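Heads up, there are several structures right after this.
One chain, chain A, links the two complexes that follow: it is found with chain B in the first and with chain C in the second.
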Partner chain A sequence: MSGYLEGILVLLAVNVVFAYGAFLPVAAGQLNLGLAGFAAIGAYASAYLSNTYAIDPILAILLGGIAAGAVALIVAVPVLRTRGIYLALATFAVGQIVQAALLNLEVVGGAAGYPVTAFIRLPTIAAFAAGVVVLVALLFATRFGIAVTAVHDDERVADLMGLNTRAFQVAAFTLGSVIAGIGGGLYAHHFSFIEAQYFNIGLSITIVLYVLLGGTQTVLGPLLGAAVFTLLPELLRGSANWRYVHFAAAVIILMALRPQGLLTAAQIRRLLGLDRAALSRERAA
Partner chain B sequence: MLGQQFINGVMLGSVYAMVAVALTLSIGVLNFLNFSIPGLFMIAGMATWALIHAGVAWPLAILGALAITAAVSLVVERFTWRWLRGAEPFVPLVSSMAFLLLFEHLAIAWWGSEMRVLPSLFAGTDWRVAGFVIGVPQLVGLAVSIASIFGLSLLLKRTSMGRSLRTIAEDSDTALLLGVDVNRLVPVVFALAGLFAALAGVLFALNYRQVQPFMGEAVGLKGISAMIVGGMGSTWGAIAGGLVIGITEVLSVGYVGANFVDIAVFGLLLLILFVRPTGLFAGLPAGRGGI
Partner chain C sequence: MTNPQPILRLDRITKRFGGMTAIDDLSFTVRRGSRTALIGPNGAGKTTVFNLVTGAVPVDAGQIFVDGRDLTQMPSRKRVRHGLARSFQNVRLMPHLTAIENVMVGQHCHNGGLFGVLQPVNLWPGNRWRAAARAALCESGLEQYAAATVKNLPYGVQKRLEVVRAMMAQPRLLLLDEPAAGLNSAETEALQVLLGRICSSSDVTLLVVEHDMHFVGALCDAVVVLDFGRKIAEGSPAEVRADPRVQEIYLGTTIAEPVERCHVARSA
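So, the complex of A and B:
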């Protein structure tokens, strides 16, 4: 496989992982604009562990995810006291503070960036990505998925039905951050160099855009969004700058024409023959 | 030294205040966090440079930059608010984020990504008062920002259009039932927000004399912080918030180090969100949920 192709596929896999990190809170009705901060914690923590203690990169990446989740859990309690726009802005502030703190942390290179010695290749990263997709899909097939969707659709009714809405929100936020941290660790161990500047608000926004474009009604939406918007710019070629222009224009047009995202729950039901109304219509015809 | 820092902080804060007013207008009336505003700020700054660079006299360049930016803001209205009113609440926010990306990268395509330097138009006009240096453009900037925000609050309080806008802010469906022409007034909100972002961009370009396509991000993010600190939906709160953020930034650069600015500013934002999410000076209850 050519290096170019491998590079793109690695980026695709990492973006898929990030997208699921953003999807979990969105599915519970929260917008996490600080996702890049949690990805950065995972990247730096795993790189520090594998550089300093020479532990296996896979273990280091998992521990990095746990570190990101731990920070998320600590901030979740006060952050999730806020609602709607305030919540989005609180997560945004957390992301900015993490980035600024890492820029000042000399033990991981500060503003100069941090080289990573251990190296992982595409198969490992693809396996992680597939694992994340399967895990989230399984999770959403359980009671947890139904509860989270209920909290998203109407928090008050979910509360009245006896769900501990806050616990589910904290869980979705924390779990999403663990996944984002794992994504950061994967990125760090493939590209061999990380700098805090990469994990900026632009990254958080782009990942959230992948998820919303793919559609948040189904578990497969983020996968589709991340895949289309990682691969499409490669097909269009053009300079990096024009890629962003195309991406942004695509977002604006897509949101105007199809605000529910590319993939909806109704489409999936129809595809799998689970849509009774459509089936009976077909039979009648 | 402290006094001079304070003056510099107030000048920077007046730029943040204008951005915060643009944001707060959008949130207060439409309940829409308009992420395109940092992009509009950048367009105004870059357009000022481009027009002056092309040999246009500076007063005309300023007017041109303001007009271009307000027009672009109306385009944003077409593609965010107008189409997406019935959609999920986060959708206009998402589109406005895409507009920020679009503006930044179109600016790179047109003007290149390097830092552009404006000529010094007001050299030698600094005032020295009791040992403090006060730049005339900075002073004019502060006066313009206070005067325009005062004008806006008069418009909102005293005119019939202002009453209509406040009705939309209360409840846009009820406003429609009461005969308020929402479709005619929403573009007015966007034009006003664009104008405030543009004034901030022009003032920034003339005062700091450096512009580049990503200049909107740092200032826009601090404008958001200023808006929250002052209280969402409150125009005078935006001034107070802008000054608090500007002074916090300049003091943390002066006494702790430039690398700690973001920690100080966004730490303050987070603290306010936890402790008093309605802001320090909130006059209006805003943020009725929804993203």
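So, the complex of A and C:
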């Protein structure tokens, strides 16, 4: 496999992981624009652990995810008090604070960036991505999935039905940050060098775009969104300097034509004939 | 044999929104096992009573007892566990969930611990909670809609789904906010059948806000009449219908001077 192709596929897998990190809070009705910050925490924490203590990179990446989740849990309490545009701004601020802190943290290289010694290849990263997709899909087949969607759709009614809406929002935000942190760790251990500037607001917005454009109502939406919008710029590479213009145009056209995203839950049920299949299965059961 | 304690008791409830007193020193009780209607003109405070009882908005003064227990200060989320569930004037189902998933939202208060939340209820159709939700849909004649996304369903079906969802919480007191509003006669009849079955198969008490007096007459055995946040009459449907103050509100008969009453009262 050429280095170029492996690089693209690694980016694809990392972006899929990032996309699920954004999907969890979005599914609960929250926009997390600080996701790059949590990815950075995962990247730096795992790189520091594997560099300094020479622990297995896979373990380091998982611990990096937990570190990102721990920070998310702490900031979730004040940040999730805000709503709508203010929530987006508050999470954006969290991302900026993390980035600024890392720029000034000399122990991980500061503004000069941080080399990572341990190296993982595509199969490991792809396995992580597949694991994240399966785990999130399983999670959304539980009552948690129903509850989170209920909180997203109508917080007031969910509350009256006895759902602890805040607990579900905090859980979705925190789990999403754990996943983003894992994505950061994967990135760090493949590209062997990380710098705080990479984890900027542009990354956060791109990740959220994967989810919004792929579809927020089904667990397959982020997968499709991340795949299409990682590969599309590469396919447009032929048009050299204009490719980002083409890419942006594609994004705008898609938002105009399918504001609900590429995939919706109802559409999947219809496409697979599940509407009827589920019905007859339930009758039989 | 029967528990003499009322299922719901409002004791001198007051609620103000800014300078407007929506509920004014209101007291009434709902008899256990009854089907009580709460009626009154637009703006009388009927929906506000529901919002106060369920805890969606806090009371300014007074106390609310459900089944003898003072719920006045209890957070709204916890009240469902004390036997309280409601439907809404404008259907408020979760548009992104299927009908059966909406019904399963109603089970949350009985299966909401960490273990319950992580149960894979959607992975196979034989799951206990899913089966219970399906059974409830079957009993209500709604099983053919189980896998459908609710926003595409007819309004009458959505209204009935909301009642089924509320009943999944196994409430002792079910609050229905204008269940028949916006329904055609066939849909209203289907709803009446559903409510009749619910009343005969469980010991739930109904408190119903409704404008359709035929619906009230067919369903309810007690009526409380509100006007400007005060109780102006209560009793059996026949008694209330014969009450001159009720006739004045609903028919505008000239027992008092209706025009003057309008001016004085609405500006008050």
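Basically, the second predicted complex is superposed on the first by the 270 of 285 C-alpha atoms of A that agree within 3 Å, B and C clash if a C-alpha of one lies under 4 Å from a C-alpha of the other, contacts with A are read in each partner's own complex, and residues count from 1 in each chain.
Simple rule for what comes next: a contact is a pair of C-beta atoms (placed from the backbone, for glycine too) under 8 Å apart; a residue touches a chain by one contact, two chains touch by 3 or more.
In this text the structure is predicted, and so the values were computed from the model without any measurement.
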Touched partner set for A:Asn164, first chain B, second chain C, both or neither: second
First (chain B), second (chain C), both or neither touched by A:Leu209: first
Contacts of A:Leu89 with chain B and chain C, given as first, second, both or neither: first
Partner chain in contact with A:Pro259 - chain B first, chain C second, else both or neither: first
First (chain B), second (chain C), both or neither touched by A:Arg143: second
Touching partner for A:Arg156 - first (chain B), second (chain C), both, neither: second
Complex interface listing, chain B residues touching chain A: 27, 33, 35, 79, 83-84, 87-91, 93-95, 97-102, 104-106, 108-109, 113, 217, 221, 224-225, 228, 232, 259-263, 266-267, 269-270, 273-274, 277, 287, 289-291
For the chain C and chain A complex, residues of the former touching the latter: 54-56, 76-81, 85-86, 88, 92, 94-98, 100-101, 104-106, 108-109, 111-112, 116-123, 125-126, 129, 131, 134, 143-144, 146-149, 152, 165, 169
Footprint of chain B on chain A - complex, ascending: 31, 78-79, 81-86, 88-90, 92-94, 96-97, 99-101, 103-104, 111, 201-202, 205, 208-209, 212, 241-242, 244-245, 247-249, 251-252, 255-256, 259-260
Contacting residues of chain A [partner chain C, same complex]: 138, 140-147, 149-150, 152-154, 156-165, 217, 265-266, 269, 274-276, 278-279, 281-283, 285
